[in-house]
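These are the structures, in structure tokens.
In the two complexes below, subunit A is the common chain; its partner is subunit B in one and subunit C in the other.
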Partner chain A sequence: MTKFRMRQAWTIARIEMHRAFLSKRAFWVYLLAILPAVIFIGHGIEMKLRESRYQGRGVTPAEVVDSFTKGEKVEDVLKRAPKPVEDHSWSYRRSHEDEEEEGETNKKRRISERVEGRSLTYFDGQRRVQVGFENGVLIRKHSDTMKNFEEDRTVFAGVFQYFYLRLAIFFGCLGIFMNLFRGEMLDKTLHYWFLAPARREVLLLGKYLAGLVAATVIFTGGALLGFGAMLWPYSGAEMQAFWSGPGPSHMFWYAAAAALGCVGYGSVFLAAGLLLRNPIIPAAVLLVWESINGFLPDLLQKLSILHYLQSMCPVAAPIESDTPALLRLILSPAAPTSRGLAVLGLLAVTMLVLWAASSAVKRIEINYGTE
Partner chain B sequence: MTAPGAAPDVVFENVSKFYGEVLGVNKVTLHIPAGITSLVGPNGSGKTTLMNLMTGLIHPDRGAISVRGLSPRDPENLMRSTGYATQFDSAPRWATGMDFVATSLALYGYSRAESRERAWKALEQVSLTDAADRKVAGYSKGMRQRVRLAQAIAHDPQVLVLDEPLNGLDPLVRAETIDLFRHYAAQGRHVILSSHVLQEVDVISDQVILIANGMIVAEGEIRNVRDEMVEHPSQFIIRCRDASRIASLLFNESHVTEIRMNDDRLGLLVMTRNREEFSRALTRVAVAGHVIDGVIPADENVDALYEYLIGGRS
Partner chain C sequence: MAVYKRGYERYDGPLTSHTTRLLAMPRFAWARLMDQKLVVILLALSMLWPLLCGGFIYLANHLSLLQGFGGNDLGKMVEINGKFFLIFMNTQAVFSVLLAALTGPGLIAPDLANNALPLYFSRPLTRLDYVGARMAVLVGLLSMITWIPGLFLFIMQSSMAGGTWFAANWSLGVAIVGGFLLWIALLSMVALTCSAWVKWRIVAGALVLGFFFILAGVSQMVNSILRVEFGTLINPTRAMYIIWSAMLGVEVPSGPTPWECVSVLAALVVVLAMILERKLRPVEVIS
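Here is the complex of A and B:
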């Protein structure tokens, strides 16, 4: 491609960015992009508020909290740790059947008793420890770390792979890229481009670049915002260790996966916008194709965008142990590819799709009457 | 055929186009020389299809098209020398008149300043500079028509294709626009337009192409087209003082088929099958001492051709 054609493509991209960024038909794309950030900001705010509330009510030393044992009386616990951050009491009636001998036969009898329940919550500066009592005796103890960085990273990996890559970027690119040609067909303005002194392939490239810049800014921005929101409540040594260790690499690969998701899905939906009128059909077909990828032979797995994107993710997405086998197969990436190959594979798939789109765009005719 | 040194024609070679099973145009062969050419035909006759074909918006199913030696499948080169003002009454919502014209010029490689300068000049030619900074979406129909024309001429094309370009224009702008077409044609460029306003076509066109049902019915200079229609007698209006005497003299001519006297008895409508013989007969009448104030062809206009060839289905 000559320098002049590259300049033409960029000129087209600059003009089209307005449509890509500000299309009324695709404002919902922004909502999809910021949803993970909103979730993690909400989670962070909730953690911070709870932490400051607990700290205001008193911190119990960790060794005291650890010394609580089952069978202890509530008075003994309160004597050692008089400042629980939460204290809830309740009572209820509990019934059970009892057997008693009456002559030669055993007779069942329903016995009802009143139970006094109480729950005390302690905070040791890191953990939240809940101790439960029945009739004044400690019967259960549960502790969780209020700010669990490892857990939050895993949750972020899950949100990123199950929601962001599979749904947000997928449907976001559908909204942005399908609109580039199909939207102009609906607005009856595509002929202006076809009457410009530019090859159709240059037009395709220009529009693709416009969509790509918009989608990448929106979704890579959204991914980084979500990542930042996930890290936001943490500080101190934990963060220092993260940023001097895997942090920068994680951030890079999440951003790269989001950007490459836009590259891959963008090309597919741009091509679909050229060939089909109804966006639901290609979306449904691609969604099914991506979902059944795990069942496909090795070679066909390589024709999935999601396969490469998941291979790039720095943290494996969590799958609960009780997840049904079929769902597990759909959710988990089949034999991940190395990152280098994943990037190359995705770019190869994209080139293939764009090549097909460029031959389709040359055949397109202006016939608004049928739109 | 193109004369040596002259601009090559716009050529259609046996071109057919179907929209599914609906006929667009069928086996069209045309050689359109430089100058103003009007495509005339009823709605759905195939005028816009021909224009879309020559600008590459649609592609022929059969045949070949060449626009001054360039293929419509090569927009990169074709559109440098071609401007097309379509009938699609749409423009990007965000664009002002100036943006609309200048933005398209950016793709020709002009700098921003040069694009705006050319855009301004084009808007000036269509008398739209007052509204240059207003959104096209807020323009009236006539203004939108003019801004599309401005966009089509902004890069100074050699071939100007215009679909119903005079629709919605007020008389003053209409006259200015026709002058613009004439100016283009005088420079050896092609101006190919379609119109339903037959009188205008008659006045401004160097040649007409009459089209009906996707087929070319006639093409050429209006008078030549008229001459070829031997089955329809030519009509002449004669203004004279001795109308009844002249009528009786002309009735003796075998080529005269009908004569109608004007109500004021100072004019005749004569129908003849042979224009040459009619001309000689008139000379004889004049030599015989009858005063003839004027002779006007009554059907050398597109209305008449239309009526004869297509049946007046405009």
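Here is the complex of A and C:
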């Protein structure tokens, strides 16, 4: 391709970019991109508010909190730790069956009793410890870390791989890239482009570049924003260690996976918009294929864009919490492909799909009446 | 635009009955849908799972055939109960979403895109009739892959297992039909609203898919980031699963109660109905 054609493609891309970034239809794409960041920010605000509230109500030393044992009386607990950050009491009736001997036969009797419940929550500066009492006796103890960096990182990995790559980027690219040709067909404006003195492959390249820049900026930005929002509540030595260790590399690979997702899905949806009258069908097939990916044999798992994108992610995603036990048994994610190979594979697939799209765009004949 | 010349008169001849008028639209729509190869292919694919389930019921009731494979242990595994029908319903629900995404958008969007609504409403049809007729198309189509095969499986099991099984489990039959009808009502409302919201059929199809898949993702995201369970309420598929579990007498998954799910889905249907009411206007006043 000559320099002149490259300039033509870039001119087309600049015109289209305006539409991709600012059209009314693009706003829901922004919403999809920033949604994880918004929820992480909400989580961060909630953590910070709760922490300051707990600190205002009093911190109980860790050794005192650890000394609570089952069977203790509530008075003893309160004597050692008089400042719980939360104190809830309630009462309810509990019924159970009791057997009593009546001559030679045992007769079952339903007994109803009143239970006084109480829950005390203590904060030791890091952990929140909840102790539950029934009729004044400690029966359960549960503790969790208020700010768990490792857990939040794993949650981010799950959100990024299950929501961001599989759904947000998928549907975002569906909207952006199908709009490039199929949208113009529906608007009955494609013929203006075809009348312009530019080769159709150049038009395709220009439109693809426009979609790619828009999708990459929106979704890479959204991924970085989400990553930042996840890290926001944390500070101190933990953060320093993260940024001097794996932090920058994690950030880079999340951004790279988002960008390459746009490259891969974008090319597929651009081609689908050109090759098929109803591109929703390949989109639905691809969506189902990507969703059942983890249950397929290793070889078939590698025939998906998602597998290569997940291979680039720095933290393995946990199994989705609502996956039934039976499905968990047959779930066997394939070993990740090396990052270099994943990038090369995705780029190669994109080139192949774009080549197919360019041969389709050369043959395309406009028939607005059938839309 | 003002119309000055009125060279026509209102038709005052005999009218067909209300039901006949209502069924005219679904009749043509079904014929048009059945002409689409993809719809037929998807319908055929949707029948595979009920066929497999039918085979499973047959085997479960003829355990002697499985003696060589450890019949007794297998007998416990192949028990036909609420859990079995829940798995059946869950799978068919996925097919019904795909079918609704394929067929639903073509019901209202073309009428809006081609300004055809005045043509419909100039006839003795109300907006409610119009929506009802369009919904009947989806209800008919989705019934073929949901409660009809479900009921068929239930009858098959009842006839093979005998009257005792039926007497103990008749509520499963009611739950299958009732549960699927609730699902069809929700799905039809989503498909029709998406079809009315965007004038393009293709975009409406993507919107139907996105509605179910993205909301499922958002719900999981809310649950995992905020460490809560109420996020499940914004996932219509999961909320319906919880309702079905309660109806079939299967252990209800942790999270919102079935009544909470019913309330949220009812609120969703009301919102969708309001959007439909707003979008389906026979005339558009341009100021």
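One rule holds for everything that comes next: the second predicted complex is superposed on the first by the 344 of 371 C-alpha atoms of A that agree within 3 Å, B and C clash if a C-alpha of one lies under 4 Å from a C-alpha of the other, contacts with A are read in each partner's own complex, and residues count from 1 in each chain.
Note that in this section contacts are C-beta pairs under 8 Å (C-beta built on N, C-alpha and C of every residue); 3 or more make two chains touch, one makes a residue touch a chain.
In this text the structure is predicted, and so the values were computed from the model without any measurement.
After overlaying the two complexes on the shared chain, residue contacts for A:Ser112 are found with neither subunit B nor subunit C.
Using the contact criterion defined above for the overlaid structures, shared-chain residue A:Pro197 touches subunit B, although it does not reach subunit C. Touch criterion met: A:Val155 reaches subunit C, while subunit B stays clear of it. Of the two partner chains placed by superposition, A:Ser95 touches none, neither subunit B nor subunit C. When the shared chain is aligned, subunit C comes close enough to touch A:Ala284, but subunit B does not.
Between subunit B and subunit C, C contacts the larger number of subunit A residues. Of the two partner chains placed around the shared chain by superposition, subunit C is the only one that A:Phe163 touches, whereas subunit B remains out of contact. By the touch criterion defined above, A:Thr189 lies against subunit B but remains apart from subunit C after alignment on the C-alpha atoms of chain A.
Of all the residues in subunit A, the ones that touch subunit C in their complex are 32, 35-36, 39-40, 42-43, 46, 155, 158-159, 162-163, 166-168, 171, 174-175, 178, 182, 186, 278-281, 283-284, 287-288, 320-322.
For subunit A in complex with subunit B, the touching residues are 4, 7-8, 11-12, 15, 18, 187-189, 191-192, 194-200, 202, 362-363, 365-368.
Against subunit A, in their complex, subunit C makes its touches with residues 38, 98, 101-102, 200-202, 205-206, 209-210, 213-214, 217-218, 220-226, 238, 253. Every residue of subunit B that touches subunit A in the complex is listed here, in rising order: 19, 52, 55-59, 73, 75-80, 84, 86, 88, 90-94, 103-104, 106-109, 151, 155.
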